[in-house]
Amino acid sequence: MHLTNTVLLELYSKMRQTREFEEMAVKLFAQGKVHGTAHFCIGEEAAGIGVGHALDQDDYILQTHRGHHQAIGKGINLNHMMAELLGKESGCCKGKGGSMHIADFSVGSLGANGIVGGGLPLSVGAALTQQYLGKNAVTVCFFGDGAANEGSFHESLNLASIWKLPVLFVCINNQYGMSTHISKSMNIDDISIRAASYNMKGLSLDGNDVVLVYKETLKAKEYVKKHGPMLMVLHTYRLLGHSKSDAQVYRAKEEVKSWRKKDPILLFRKYLLTEKKIPETVLKQLEDQAAQDILNALAFAESSPEPMAEKLFEDIFAD
Amino acid sequence: MHLTNTVLLELYSKMRQTREFEEMAVKLFAQGKVHGTAHFCIGEEAAGIGVGHALDQDDYILQTHRGHHQAIGKGINLNHMMAELLGKESGCCKGKGGSMHIADFSVGSLGANGIVGGGLPLSVGAALTQQYLGKNAVTVCFFGDGAANEGSFHESLNLASIWKLPVLFVCINNQYGMSTHISKSMNIDDISIRAASYNMKGLSLDGNDVVLVYKETLKAKEYVKKHGPMLMVLHTYRLLGHSKSDAQVYRAKEEVKSWRKKDPILLFRKYLLTEKKIPETVLKQLEDQAAQDILNALAFAESSPEPMAEKLFEDIFAD
Amino acid sequence: MREITYAEAIREAMSEEMRRDTGVLLLGEDIGTYGGAFGVSRGMIEEFGEKRIRETPISEAAIVGAAAGAAMTGLRPIVELMFSDFITLAMDQLVNQAAKNRYQFGGQGSVPMVVRAPSGSGKGAAAQHSQSIEAWCCHVPGLKVVVPSTPYDAKGLLKSSIRDNNPVVFFEQKLLYPVIGEVPEKEFSEDHLIPLGKADIKKEGADLSIITYGRMVHLSLAAAERLHSLGIKVEVVDLRTLVPLDSKTIIDSAKKTGKVLVVHEAVKTGGFGGELVSTIVDSEAFCSLTSPVKRLCGYDVPIPYNKNLEAYAVPTEESIYKTVLGMMQR
Amino acid sequence: MREITYAEAIREAMSEEMRRDTGVLLLGEDIGTYGGAFGVSRGMIEEFGEKRIRETPISEAAIVGAAAGAAMTGLRPIVELMFSDFITLAMDQLVNQAAKNRYQFGGQGSVPMVVRAPSGSGKGAAAQHSQSIEAWCCHVPGLKVVVPSTPYDAKGLLKSSIRDNNPVVFFEQKLLYPVIGEVPEKEFSEDHLIPLGKADIKKEGADLSIITYGRMVHLSLAAAERLHSLGIKVEVVDLRTLVPLDSKTIIDSAKKTGKVLVVHEAVKTGGFGGELVSTIVDSEAFCSLTSPVKRLCGYDVPIPYNKNLEAYAVPTEESIYKTVLGMMQR
């Protein structure tokens, strides 16, 4: 499969936007400008972007609490996501969701979930709708390695399997659930073997290789439309702590260091320069643009009003 | 492994007691003498008895809603179980549990469960106690093929695996969860392959062969004490309907008929007569005794008083 | 009007709405050929096929969650939970997902689904199959809660629930399934909609108000009948929906009679009765009250298996009768 | 007396009981080196090791169920659920197993376990991490329910809960963790037990009773202080345990003041406030009441993320103050 430079640069651009978004968010938290918490995906961008960018407008995604890259991959408006982080009326969830509940139905994001594993059953339902209505579309359900130990994982994969639903289960294995290394939460090395329990295809990939992730997602999309669900595990690493405050005493500095060398953005940049011969100036320009996009988003968010008190009572029920 | 005739006849005796108990229960329901419902294990006796009889006093079992054989296998007092079925004060649960909640802590039965899959997490806890206190004992958790699709199955097997607990998970695969054939509730033929998701040993056996089940349970007991949990699947068949009233329109009469030929009690009787050369008179005597045991149990139960109204308020809290 | 059972009324409501709207489908365990644990969906698979009468594995969290996901994307699923007690297994999907999604996403999407939940005691099914847990659901913003007492109400309320754009938990008391009652003739069936949030005064009276719902409506009416012959005129208010609650009807009734007895089968402590009492005593009805507002509810015990104990655990016609008498004699 | 935080009080209670009884152990996610999401168990793994501070996968149903199974067989597990909202995932094991086993087995076995559940809003964690769902647990016969407001109470009540032979759900309001308060000196620590089922009058007063618990106790006391300067003497009753409920103290207080305001953070509809109001109006206190019994509770909304909206969703010192004033002026 050959990827055009356009696509490659789109991927690079979204990865950079994600990184800039996250670094800005880290800063905002450090400055005490954001109430609440957020979970950063720095180091995991290839997974969210590689998958999300391979999807079509009609495809759905269910995001995780660590889902900024997933949202950007699927095409969320950065201004609206930043405004949401700041709890503003102009946020994609009108300031009611925050980072843990980023959603944008207009681009097919059915929302991030604060409940680990909570999105899995929902994804089965979204795919059921697609199948029921005969849509030529898929649902992607993101979840973490930790979530793979929730009962909802088991029930959802089984149900999707017997109904042959067009859902792609994407496990972003960043090695940790909070402070718990995967070796302490399960006795297997590779979560993709769990697919066999449902007679489902399982695939295990280097989640830091955005080109690989993108290509395999394109294939997987066609596969699940035809054959029903598939489990795709993307191996990556959470470079920062679990959430805004985490001293990370549970893991060795060396471990983090060694993964920093595998930073998916660095790897991809090198690939673009050396293998794809993209001039550095082109990349630099995209990088600057991404930084600017985030500054713009911040300006948008900061200049947006807080929701009025009476909004508290809105949208509890639909009419 | 050689089984003495004593053991073989104990197994036979318990199987016959179970069958007599169940047939009596069917009759009592038909006569309207019992309030509520019960789930019959006719055809599945080899599973419950083969496993239960292989256990020691200190071992625990967690039973299912269809657990009369499991209780008898573990050595429950028949009078108390019959009295419980009739809701009497002298019942093993003082008439408060009924068939779905048969329990006798004095013989290590920690209770039957009305929630499909509900016993799995409890069994992990019971085995945790055994490991924590350094007991040389195991916990057996019975559950059905249908229960293997509950989230609790997944979470419990995973937790038992990472803690290397001495628990033997016994799936009684009687082909149906209520009216739903296993082929409609999962996409795999053999539930034991799910053990791989937890790096656990899985074993699949003819659950109608009581000698096999008994022997393999003895081995499994030693295995789990040493290596941690194991999943044992016993293939059998539910010869009656799901519960007291079930027209069974969802399955072919021929299917039931063909399994009647594999009735574990008939098979075992033949084995005892032909391979083990046990005289028929000996078997006949055990059969009569089993029938008599159940008549005695019924007499005991019928002559026992109903619980007094004030018992309603007893045993909600322990002191 | 023709007479059918409560179970049939529910089946008719589902079938009519499924004919009317192809987005409506039914999910649950053994709802196909078997017809569901209580036979409610019997025959529906023949008409609607496996695509719309979708049998599931025993996976309550996934069933309710899948319904929520389908609802968010354009369908109108009905879930039959085999027993309302199994809400415990799907509580996250119901409470944290279905009920909150619209709100936490700032009004994006809606979750039009119905969870049908057979509830209550009386069948000898013991502690894990006999609970009345409607109060939990009432304590969750974003959920609507319905507990119909008659075939007429069951049908009209279920049709409204299916058309409602929000998650509705629809409690069906198991002992009511065989109860027979009038429903509109077939030709008026389609339009037989009862709005959520409107109580129904099942019997008018001036001396004392019984505020109740579900099966207890029947027992209250029977008790009221007996009390009538003693000259005591009891008003029986059937709430029909707990959320949204028709406070006005309750308060008006309390103002009229000055004496209120709240009756429900669910255990007393933490039950919805507390909400009803509070609604009254924090209203203008407070000044009209001539005696303490009483609750007659299930005792605070798990439901036992033994038939006598089970019957003793919850209010009966007799205990309602006696409680009213006691209140009137004071 | 020395002063420590609420979080430290809880840690001390656990550590002391673990030293005293080797059957006590702690189960939960990230409770080891990480010290738990709120740092409550920090340092405990160093003292007690991995055998007793047992980190688990993210499997709430299995964690709570395993605790129940261990409790039934002789241990005394404490579970730290990371957020009380996750009770939804373990609801079957808590409600259908832990709470009912002893009863449905006719008194066989007991289930001495504690589920510690950080609850409440105020941390910007939005709808799925900010709930106050104690009312659900109060509606389950077989469960005890504790919500301490101070380090002193938290310590004494947790020690009693660990020694109790029944399942106890112990709600810890997250905003209280850093709150500092007096607790007995180390040499009296061991015996610092507060019995479950005894309310504490945190402030005496003759004009109006606030019945409340948890964090709202502090806000009520602050409001009461301000009201005092207006000559209004508010009594603040801290329930401390909701089940068993100390009805006597509540009723006595209501009789004394004749005016009652019930305050809790949980959403109003279906909340435990209804139980409290009903307890009062169906008691001899009814005749002493001089005005409607009021509830001031969380609004019936999911907790939103935005800081201002979040704060607006639940009672504040100001809203308590104003509500009391309103009641007194009538």
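A few remarks follow.
Read from first to last, the chains carry the letters A, B, C and D; within each, the first residue is number 1.
Heads up, the rule we're going with is that a residue touches a chain if its C-beta (ideal position, glycine included) is under 8 Å from a C-beta of that chain, and two chains touch if they have at least 3 such contacts.
Since the structure is predicted, the reported quantities are computational estimates derived from the model, not experimental observations.
The chain with its C-alpha centre at the largest distance from the centre of chain A is B. Once the centre of each chain is set as its mean CA position, chain B and chain C turn out to be 36 Å apart. Chain geometry summary: the mean Cα position of chain C and that of chain D are 30 Å apart. Inter-chain centre distance (chain A to chain C, centres taken as mean C-alpha positions): 40 Å. The mean-CA centres of chain A and chain B are about 46 angstrom from one another, to the nearest whole unit. The multi-chain contact residues of chain C, meaning those touching 2 or more other chains, are 56-57, 59, 61-62, 85-86, 89, 92, 96, 103-104, 126-128, 141-142, 300-302, 304-305. Shown for chain A are the residues that touch two or more other chains, namely 93, 95-97, 101, 113-115, 118, 149-152, 155, 158, 162, 184-186, 316. Contacts between chains leave no pair untouched here, as each chain touches all the others.
Of all the residues in chain C, the ones that touch chain B in their complex are 29-30, 32-34, 37, 55-62, 85-86, 89, 123-129, 299-302, 304-310, 312-313. Residue ranges of chain B in contact with chain C, taken from their complex: 34-37, 84, 87-88, 93, 95-98, 100-101, 113-118, 146-147, 149-151, 177-180, 184-186, 249-250, 306-307, 309, 311-313, 316. Residues of chain D that touch chain B in their complex: 25, 51, 54, 56-57, 59, 61-75, 77, 92-93, 96-97, 101-112, 141-142, 144, 165-166.
If you check the complex, the residues on chain B that touch chain A are 149-155, 158, 161-162, 184-188, 193-194, 196-200. If you check the complex, the residues on chain D that touch chain C are 85-89, 91-92, 94-96, 99-100, 103-104, 126-128, 133, 135-136, 138-142, 243, 245, 266-267, 269-278, 281-283, 286, 291-295, 300-302, 304-305.
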